[in-house]
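Look for chain A in each of the two complexes below; its partner is chain B in the first and chain C in the second.
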Partner chain A sequence: MSQAVKKEGLRQSMAWLHTWGGLWACWILFVVFITGSLGVFDEAITRWMKPQIPQAGEVRGMDDGVDRPLAVRVGQAYLREHVPSSHFWGIGLPSDTDPAVRVFWQDEKEQFQNLRLDATSGEPIKASTERESEGGHHFVHMHFEFHAGTAGIWLVGFFTMAMLVGLVSGVITHKRIFKDFFTFRPGKQQRSWLDAHNAVSVLSLPFQLMIAYTGLATFYMLYMPAGIETHYSTDDAYFADLLTQPTPREETGIKAEVTALDQILISSEKQLQRPLSFISVEHPGDSSASIVTFGRFIEKTGEYRLLGDGGGQVFFDGVSGEQQDFQAPGELRGGAAQDVQSVMRNLHFAAFGGLTARWLYFICGLAGAAMMATGAILFMVKRRQRSLNEFGARTPQVYRIIEVLNIGSISGISLACIAFFWGNRLIPLGITDRPEWEVISFFVAWLLTYVHAAIRPATKAWIEQLLAVAALCLALPLLNWLVVGDQFVSYLQRGDGERAAVELTAMSIGLLSLWTARKLWLKNRQKVERKTPQPSLNTAKVEVA
Partner chain B sequence: MKPTSPSRGRILLSRTAAAIFGGYALTSASVIFLGAVLPLPKSQAILASSLISFAVYTAAIIWVFAVQDNRRAWLGLLLPALVLAPLGWWLGRGMV
Partner chain C sequence: MNMTLALLLGAALCYAGMAALCLAMDRHHRQVWNRTGATRQKALRLIGWLLLAVAIWPCVRAWGSSVGVVIWFGLLSAAALVLVFLLPYRPKAAALLMGVTALGGLPGLLWSAG
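Right, the complex of A and B next:
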């Protein structure tokens, strides 16, 4: 037996798995954690990015000044005229963050399309003069799919599994886990990075386990389809059985007009006692058409729940308009298993404890990001002092690639996130597909940070990128003031704490980046100073000799 | 530890593949089997076993790297998978 297959102890094999599995996963996971933490405040970010929408708390309840039956007629008229025989229609009603009607449909290639319509005139809103924006949704989408659809969800799922394995192998590796938690030896290079990695990981371990597991559970149907595939003919049949609700019927091919959806809306809202957020129609134009209406999710301050906070649903026959089923807001179906899944989802979405829970999630999410970053940096610090030669002759090149990936995936993604805010204020108004341009500006900025990291020495690249993050974060209110005429002081004067908090948080992160850059710069200068006198001493000795 | 020597590299590749694909196969089989035998209505049993599955998968991956024997790892994952999946399918037929 060669040395390669010699068995090691459990702790050693877990340490190996934690080091290497962790290294390849930490870059993607850092991005997932940073964007997920920002995504906790997606609504606040959306409001900051769209100055045209009212501040939080101004629009609420049944009488929010929107003529919803008219909005539904507008949506239905558009869909009937343009896509009379699609497989799916959806109408999203005006909400606090978007006064437009959004229509959705499935085109001939089974692709989902959507469009925003003016809620009264029904005119499509395309290149509007408003500040159209992807808003905070950008961070949410980066967090769970990297703007790459189903492939992106799989990618994030794969690395979330890697995170679970990393957490378990990490716990096995650190035998003195609680002792380690109380140990911090600052200013000692590798030891300090290890202590920081241990402390931040152990402190936030329950959150990290919870957030990884509940993230996977949210997409259980996609990630673990085997059970449903084996025991049911379709996903719809599974859902109908689980939630005891009507199954969408097979298409008949007999043409039939969809019933008036404004009447469906009025009837649903009366029964649900709350405004609708969405109406979906399966098989519109066919005699098998069916309608589901969804009540708006209302978060009541001070009355938080992990379960039973759903908006309710009403089911109708799509042609006759006859009601088939009614699910009251907060009604639970699907038994204990579904309750567990709902609780897991609500835990993941921080949808249960108002602002306090969101801030806790934001901080714990950043702790998760710090866990990835300290781990990745520790890997390199350890090897910068003494190469472990894992890749033979090519070890220096592989180390260099790891270093570049570390820089672009840690300071680079941070730079891209704040660049996205700048893109929102700098991209000209009225340009077609403005939200897409914002997202493109994010990806271009991110890509450039890898290029920058590749052409600059590592320490300089870290310092320069951190300084760039600091500059963009700290100057954000100035940019806002120059472009829109607002900044955090004027927001606060108007009582718009949400928008002000976006800028204040950005500035805090800017200060943190500045502090880190300065620390790195000082450390680097010390090292250079320590190094430079040595050769002169040596030469002096040589001269004496 | 030198992953660059060819034998070591190939061993690691096979071990990683066992963890990812073998582990996933065993996990899927466990969902099919538990979906049929858990004392719950079928849909709920499937949902419950799907929710547990991520812990099963994690344990399978950790186990592969702990045993450090690729033959044992592949057999230990695929044999139970090949028993559990058809058995679960057979037990679940016509059950509502």
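Right, the complex of A and C next:
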């Protein structure tokens, strides 16, 4: 008896936690899931957004048609001329998604700055006449930090914890998890929303638990810094110790020229047997300078693993150019705990199993987004029929705020995502900071959806925003054809499956939005007709019955 | 094993297995056959578990033992999601698809192994 009471008590308290904890978290988490799902295909999206770069090819080994030693010389010359006394230099080598050299440095305020240079002339690319774009990286950055740096990573981490709480409390709350495993009863209002919420959550539960946990594990250094801070002076010292790499050296104050980095590149690539992706220089201009070169990550087809797919690294003295350490591609260091963390990170990043894994992550990610959306909508559907008066006299106003946040965070963010694609095609070429303008267009579109939701009746706002998503998605190939002269048919004819898939996926999502909007519209019309009884319709119903 | 073939086999067997386990339950059995049937339900349950188990095989063959298991989990979720939203609208089609995927998947698996 007492045990039964206790059990019911647990379930009820978990239901409360799930409802209220879930509601506040689901707005942020829906954004995280939508942008994360799109981010799975960041490279494909980047290619669609930059028509000037070639279509994805096979791994080309050492020769990808770029003079990398020249690119490195160009980068080093720029850094030596403009920021000789910086504490850090980085040179990102041209890749098949960006033909420019990217230089990075730390300014006097210890802020990281970067600039893109032409890979042969070394001229800074400020306002190129090409379609400069943030590309798919935008979605990846929204996914883990909302374009807000460390604060954003903390925000996403906090809500990821909330998601784990939501998952566990949800499983406890869900009384008939196995009995209702395959249950979905459409057309029954609140019942249907609950069924849909349960189905998408339960059926994708392994993925949801995995993705939340591995997401947190990816940023363990930020989220749980105490252990490292107690034992090490800096993060670099921790890594050097963990990965048995050369220890970071203190600056000496003695001036010394950085060695020729093109020779370092040639030597590294010969040993790693693959092109470099990045060269970093600590303390350039100082006698303590050190260099690390990073081999390119190569996603091999037909050889899949969760561990040991690193591109390899080579360590050099920054002044003499003498080699200090060599970590072969795929070589594991740091022991079992480090390996476990690497597996978790790889599990999260979805780059381990080719296209199949990416599509499964996309589908499961959208199921996660649907879990958030159905939960948030269920909350309101339940209360629209009968207010639960949680906030006394203020209840209607609070419900209204929740409704507006629901609309802007679900249909609104979807609209902003597709608006970002339109921004990429519509923002004029050649303006300064074009990629930033794309991101701004995304945020402006998103903000406007909240304004729209606030000034329109809820059902109308839902329908209108879904229709807008449908229109922008379905017309994307047309826009592309008008602006760039390409669309999915011409892509397919050229064998560019990646770019074609971007448009075909957008169109599928457009159709889904259109279907949802139509359903909502029909239901709303039914409701209006029921309120104003029409005799002809009633007799028709009787006849059918 | 060929990646596309492995994907098709894995997806087919996962769907067939999930559908069999689903239709082994009273409520869903009634959705398709309008009544319960103890023997058929018992058989469906057994076949369902077996199909899900053998679905690991093409995944592991094509993607290796670590990635293959992840792919298998993903296919289980994807297949179950297709099933759960097909069943209420087209119960007969969901059952028919189970037959097709099972009858196509099992011989396909034997053929690819041989």
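Keep in mind that, in the parts below, the second predicted complex is superposed on the first by the 523 of 545 C-alpha atoms of A that agree within 3 Å, B and C clash if a C-alpha of one lies under 4 Å from a C-alpha of the other, contacts with A are read in each partner's own complex, and residues count from 1 in each chain.
The rule is simple: a contact is a pair of C-beta atoms (placed from the backbone, for glycine too) under 8 Å apart; a residue touches a chain by one contact, two chains touch by 3 or more.
Everything numeric in this text was worked out from a predicted model, so none of it was measured.
Novice: Once the shared chain is lined up, is A:227 touching chain B (first), chain C (second), both, or neither of them?
Specialist: Once the two structures are laid over each other on A, A:227 reaches chain B alone.
Novice: For A:515 in the superposed arrangement: first (chain B), second (chain C), both or neither?
Specialist: Neither partner.
Novice: In the superposed arrangement, which partner chain does A:353 touch: chain B (first), chain C (second), both, or neither?
Specialist: Once the two structures are laid over each other on A, A:353 reaches chain C alone.
Novice: Just to be sure I read the superposition right, which of the two partners does A:14 touch: chain B = first, chain C = second, or both, or neither?
Specialist: After superposing on A, A:14 lies in contact with chain B but is clear of chain C.
Novice: Just to be sure I read the superposition right, which of the two partners does A:335 touch: chain B = first, chain C = second, or both, or neither?
Specialist: A:335 contacts chain B only, not chain C.
Novice: For A:207, decide between first (touching chain B), second (touching chain C), both and neither.
Specialist: The answer is second: A:207 touches chain C but not chain B.
Novice: In the superposed model, does chain B or chain C contact more residues of chain A?
Specialist: B
Novice: Tell me the contact category for A:392 with respect to chain B and chain C: first, second, both or neither.
Specialist: First partner only.
Novice: With the two complexes superposed on chain A, say which partner A:297 touches: chain B (first), chain C (second), both, or neither.
Specialist: Neither: A:297 stays clear of chain B and chain C.
Novice: Write out the stretch or stretches of chain A touching chain C in their complex.
Specialist: Answer in residue numbers: 179, 181-186, 199-200, 203-204, 206-207, 301-302, 304-307, 347, 352-354, 356-357, 360-361, 363-364, 367.
Novice: What residues on chain A touch chain B, complex-wise?
Specialist: Against chain B, chain A makes touches at 2, 4-5, 7-8, 10, 13-14, 16-17, 161, 164-165, 168-169, 172, 213, 216-217, 220-221, 223-224, 226-228, 230-232, 238, 241-242, 334-338, 340-341, 344, 389-392, 394.
Novice: Residues of chain C touching chain A in their complex?
Specialist: 3, 7, 18, 22, 25, 27-28, 63-64, 66-68, 70-71, 73-78, 80-81, 83-85, 87-89
Novice: Which residues of chain B touch chain A once you look at their complex with the stated criterion?
Specialist: So the residues of chain B touching chain A come out as 1-5, 7-8, 11, 27-29, 31-32, 34-36, 40-51, 53-55, 57-58, 61-62, 65-66, 68-69, 85, 88-89, 92, 95-96.
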